[in-house]
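Input: a single structure, listed below in structure tokens.
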Amino acid sequence: MHFDPFIIPFNIGLYFILIYVVGRSIIWFRNLSRPDKLRLQRGFFGMAFGQSLKEIFLESLIHRKILKTNLRLGYMHMSLAFGWFLLILFGTIEADIFGSHHLNPPHMAIFFRFFNPDHGKTAFENGYAFLMDLVLAFILSGLILAIIKRFSSKSVGMKKTTRLKHLDKIALASLWLIFPSRLLAESLTSGAYGTGSFLTGTLGAWFNSFLPAKQAAYPFWWLYSLSLGTFFVLLPLTRYMHIPTELFLIFMRNSGIRTGDKAGTYSEVEVHSCSSCGICIDACQMSFSAGINNIQSAYLLKAIRKDEDTSGIVFNCLMCGRCDVKCPVGIELTSIRMIQRRAAGAGNGIHNIWHGYLRTNPVPVTAKQPASKPSYDFLPARKPEKADILYFAGCMTHLTPSIKNSMVKILDASGMKWSFMDEDGGVCCGRPLMLAGNDREARELINFNSRLIWKSGAHTLVTSCPICYKVFRESYYLDVEVLHHTQFIKQLIEDETVKMNYLNKRVTYHSPCELGRNSGVYDEPKEVLRHVADLEKTGYDDGNSLCCGGSLANLRLQSPDKHKIASFAAAALSAPAPDYIATACPLCKKTISAETKIRVADIAEIVAESIVKPVANGMKKQRIPNPIETSKV
Amino acid sequence: MNRFGYSLSKARVIDYDANNHAVAEYIAEKEPSFRLCIACGGCAATCTTGNFTEFSLREINILIHRGENRKPGSDIRKCMLCGKCILVCPRGVNTRNVVITAREAFKKFGINAL
Amino acid sequence: MTGNVIVIGGGTAGVEAAGQLARSGIGVTVIEKESTIGGHVRNWHHLFPDRRSSSEVIDYLRKQLKHDNITLVTGELISGFDKKGGSFRLKSSSGKEFHGDAVLIASGFDLFRSERKEEYGYGIYDNVITSADLESMFRDKSILLRNGREPEKIGFVHCVGSRDEKSGNLYCSKLCCITAVKQAIGLKELIPGSKVFCFYMDMRMGGALYEEMYREAQEKYGISFIRGKVSEVSENIEGKLVTKVEDTLAGRPLRIEMDLLVLMAGMEMSKDGEAIDISGKLNRGVNRFFAPADYHFGSNISNIKGVFYAGACTAPMNITETISHARGAVSDVLNYLTNKH
Amino acid sequence: MENEGKKRVWSEYQKEIADDHFFYVRSCIRQSFFPGSEQFFLDFMRNGLGKDVFENPSHTTCTGIGYHGDIVPIETIMTVVARHFALMKESGYKNIAISCVTSFGIYTEILETWKHFPEQLERTREFLFKATGREFDVPENMAHTSDIIYKFRDEIASRAKYRLINHQTGEPLKVVEHIGCHYSKMFPKHGVGGAEFPRVLSGMAEAWGGEIIDYPERRHCCGFGFRQYLVQANRGYSVSNTAKKFASMEPYKPDFILTNCPGCNMFMDKWQYTIREMEGVTFGPSGDSIPVLTYEELAGLVLGYNPWNLGLQYHMVQSEPLLRKMGVEFDPEDKYKTKDGVQMPIPRNLINC
């Protein structure tokens, strides 16, 4: 007897979801751009395949990244995913070894105990049953954690948990029912036949002592099959779709496909790969410092999936990148947000093309027509002076003259031929416009500045502002080396162009988001600091560093909330009681110094104060006094 | 019509009641800190754009509040969103979002720039 | 300590000083022109910046007055005094005489008569009222226009009779700005759908928590502040008040129609205060208020030994300052009596 | 609106107006454009009330238009005015009656100046004496002729043949008064009722049965503005000003405008024509324009003078609709006849006809 009506729901669900996922993958594949298709094909049949399998094992089953961030939450995810995987794997092997046939249909593995109720009498069989019980116990322990998390998220070490919609609740209920119903079904069957191991056997024997176990088992097998079937059928309608989608995402990523600047299949797959685990919420300073809990990446992706207006969410973000670094699925959250910012009001953002089970045509993209389109035709033609090094202070640095003056001192000390590009006030670098989604308009400013830069003949562009640094490096097409001043200073130290006194001060370092996480410059500033002072750790270093809250990326954050974020960051930086808090960004300096009594200084200031004298002695100072001449068009 | 060599000139007076306040209301709703401006002019003094051309966020703010939308509708395009004004504002006005929301509003209400 | 002090005026300053003096063992006669104590506070509904009910101040004053050493004389207006040796003789308009060892003048202020700013049409246009009228509307909890409707657009005209050479008052009355902000908030709370405007020359938010209240008025209540002195008001055919003002921040004249216009009347030297010194023996400042002997160290002391000042008879003051000033006066009076005996 | 409030204001601005023996000085504009008005004043004062009003044929313009047009210096205009005072002294009069509001403003300004700067008075005596050999006294009483008509308004009412009442409906006529800026805005105490709520014209209109309209731009200037009008490039400001007043009074449907300043009368009359020609806009009911009357013309109509003898046909805006409302009997045939009955040419494009 290899059939019983109760297996029908399970089989319907299983074959439905298998076919559905394959179908969806085909559609996704077809929607890929041509280069991405080639990448994926090459990746699927190359080295990347092994890489993907490894990643699937480590991340989708073991949940390594979550484990690293949060042990309890990781265990919960691992026990459910990896445990279930083991249950299926061992079940299939069990059916294969102990069943009447080899290569059984899946239900034989899932409902093995029902079809082989007296299995487990021999020692070997008993040992295998013990293994199966162990895996089931492993899953159930995770399930208990999940249930507790739903009602009290703090128990798994989470501060916040995502909110659910209706279908998600039904799917969740069916998911929760799967393993308890299996436990009860197997226990009752085992009880009736005197089989089973420490879990099912013991529980079954106890049930059998007061229940007609054999009769009682049958409804639970039905329940087990029904919950599985329901879960599979509902899966595409719920957030649990992230499970199969993530597999696809991993293959794509390992094939070298990236989010890019525009909405596409990859970003759409990313949106569906989010499990709403909530790690991004916990990482978000707007959540833990300012108590704003509706704008985090998980909510953004959910809103995109639900085709809601995301404009309220996308612009209310510091773009500090903390969630990006921590996302266990590796979704490029900041890039997705940037796509939505560029698309705000124009409709060419990421859309959910899946409605119900079916694919719908994406909303036709209307050409973006910005309101009162920005226009910078008033910018005067400028003629730069020739120089080897061009220094661009940036708008914000003009509000922190001590940084500017320090850089002038350092550049003078370097003995190099340098020119101050924006001494009398320059044109904005364009990044703030880009952060507001106005890339095309930013291009006008970029072109203006680019012209000044290449006309100067400089081989190096040094800037004091990480915001400028990022845009100079990524969005300008410059034939010059772009350096943040901390990098430049580090070079000066290495070349022994300048020498510095050791200051005998303890400092903590605030890594600016735009310089650290968003541009990958972590080490140079710290090395410069170590050269002149004692650098203390804060517990928020490198990738985990905090945002000061002053970020220009957030267009919506109100001043009181900004202060809350800044004050948290300032407190963390002040905790080791340093002599100075060092930073490398004028905006961070201004924001943090408002919240602490400890002196906040830019690295340039600290260096300028400790400079001994220029090594290139006798060299004539070559600073050009009036570097930029203004001539009206 | 007779030509007299002169004609009726448009009144310079701000006719508050006849003006369109939809833009001001839209901005105030989306960015409430817009209301906090006391026209100190700090923003205009530090302005990157104002260094190159006639552009004053203080003036724009006042004129939008009065429903005088034409000049702001044109001027608002000049802002580079660099954000210096945010650091200067004594009242904590979220100036950049005021500019962005104003641009939205001008589009929404079809107010043509000069 | 012994002695008898005559306090002229039963407002905040007079009663506070009387209470403190009485508790130091001094006999006090408080002479109040009205039938009851409290002065201007009686006409107010609530006070800035904490929006305390003014009746609480009246209750406090009543308690201060409850002392065996205090005699309260009401309905008497002092019209002249003279000093013989160390004692004072005061005459009232009804012919009564009062004698004391020292005199404390706490005659307070008069509200500027807004009719004098003819261009605002107070007393002529139906819906031009003063800040004092509005307080009584607050007490009735009903803000209605003459035609019985609720106003939708309300304007506050600052500096009516203050900082105005044309009114002969060069000084700032100091409290009208914050009063306008307080009243504007009060109005918005009673009529949430209304639009409220303040027309000001400068916002003088010098007191504790004033600026915060101003900010709240802008942010929470959406009250509009337009910088400029209202130049003229007229009534149009619909009975709306056409208000003309130069929007000095826009650099252009502005015209706006109002349903209700509230004139923020300033403070002036009180007429009855002037009557006390009928022969002009006491020094007066350019602002016509009584001039203290020294604006730093002797703000309670007059140019006549034994005559002291408390409260707004020397300059515009709010309740807090008035009470402090009255307590300062008590200290000076006690010193004087001690040295005299 | 509270009339009690206005009465309180009026009571604060009472001026003393002489009863008899006036030295009369004419207005350049009034005698040129509305000659019937001055004619009426002299006739009514002398023959109607039996008062002594003296005119010295040697008197000249006060040069006020030149003064406000920045071409006559203040020393000059003071001397010209002093000459008038000298003529008055020579004729034995102490009360001056001034027909023009610009002149009235000049006279009050000069008298106030002399009061505050007595050395100016002495210099003027010197100038006048050196130039003409004349000497003068400051007048004892100075009144604008509208003040005098205001003083005798009840007398006129008692002799009225017509009242300011629409004889078809019985409703009072709606009167817009316009007071010349220089009448009381500079020195409120010299005007009846002060500057904000002047009484001089509203007192007449109400005494004769009319209803005064208080409209938002009541205080606004007529637009003359001297330099604004005199320079053609600026004339747009002048006409815009007047247009603003008309637009503001239009909803009240006024039956006529009453003025005490000859300049205002001329501009409010002629600019209605100009605006109609420029913009095709009129401000009276059903495409009509609003008649603009001097207080003398109005008093004359009330007393039953022949409108054509009062010179109403000299206005740009014709007053027939008003005459019909008042029930004034008139002969249209006589409108453009000389007093000897000779027909004159009839102007084309008359407004309100």
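Going in written order, the chains are labelled A, B, C and D, and every chain counts its residues from 1.
Please note the rule applied: a contact is a pair of C-beta atoms (placed from the backbone, for glycine too) under 8 Å apart; a residue touches a chain by one contact, two chains touch by 3 or more.
Here the structure is a predicted model, which is why all the values come from computation and not from measurement.
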Lowest number of touching-chain links that must be crossed from subunit B to subunit C: 1
Centre-most chain [mean C-alpha coordinates]: B
B-D or A-B, whichever has more C-beta pairs in contact: A-B
Most distant chain from subunit C by Cα centroid: A
Chain centre separation in whole Å, for subunit D relative to subunit B (CA means): 46
Distance from subunit D to subunit A - Cα centre to Cα centre, in angstrom: 84
Computed distance of Cα centres, subunit C from subunit A, in Å: 63
Computed distance of Cα centres, subunit B from subunit A, in Å: 38
For subunit B, residues that touch 2 or more chains besides their own: 32-33
Interchain contacts (touch definition) - all pairs: A-B, B-C, B-D, C-D
Subunit B partner contacts - residues on subunit C that touch it in the complex: 203, 215, 218-219, 222, 224-227, 247, 249-250, 252-257
Touching residues on subunit D, where the partner in the complex is subunit B: 232-237, 239-240, 243-244, 274-275, 277-280
Subunit C to subunit D touching residues, read off their complex: 115, 118-119, 121-126, 232, 234-237, 242
Touching residues (chain side subunit B, partner subunit D) in the complex: 1-2, 4-9, 11
Subunit B - residues contacting subunit A, complex: 31-33, 46, 48-49, 51-53, 73-74, 76-84, 86-88, 92, 94, 96-97, 100, 102-108, 113
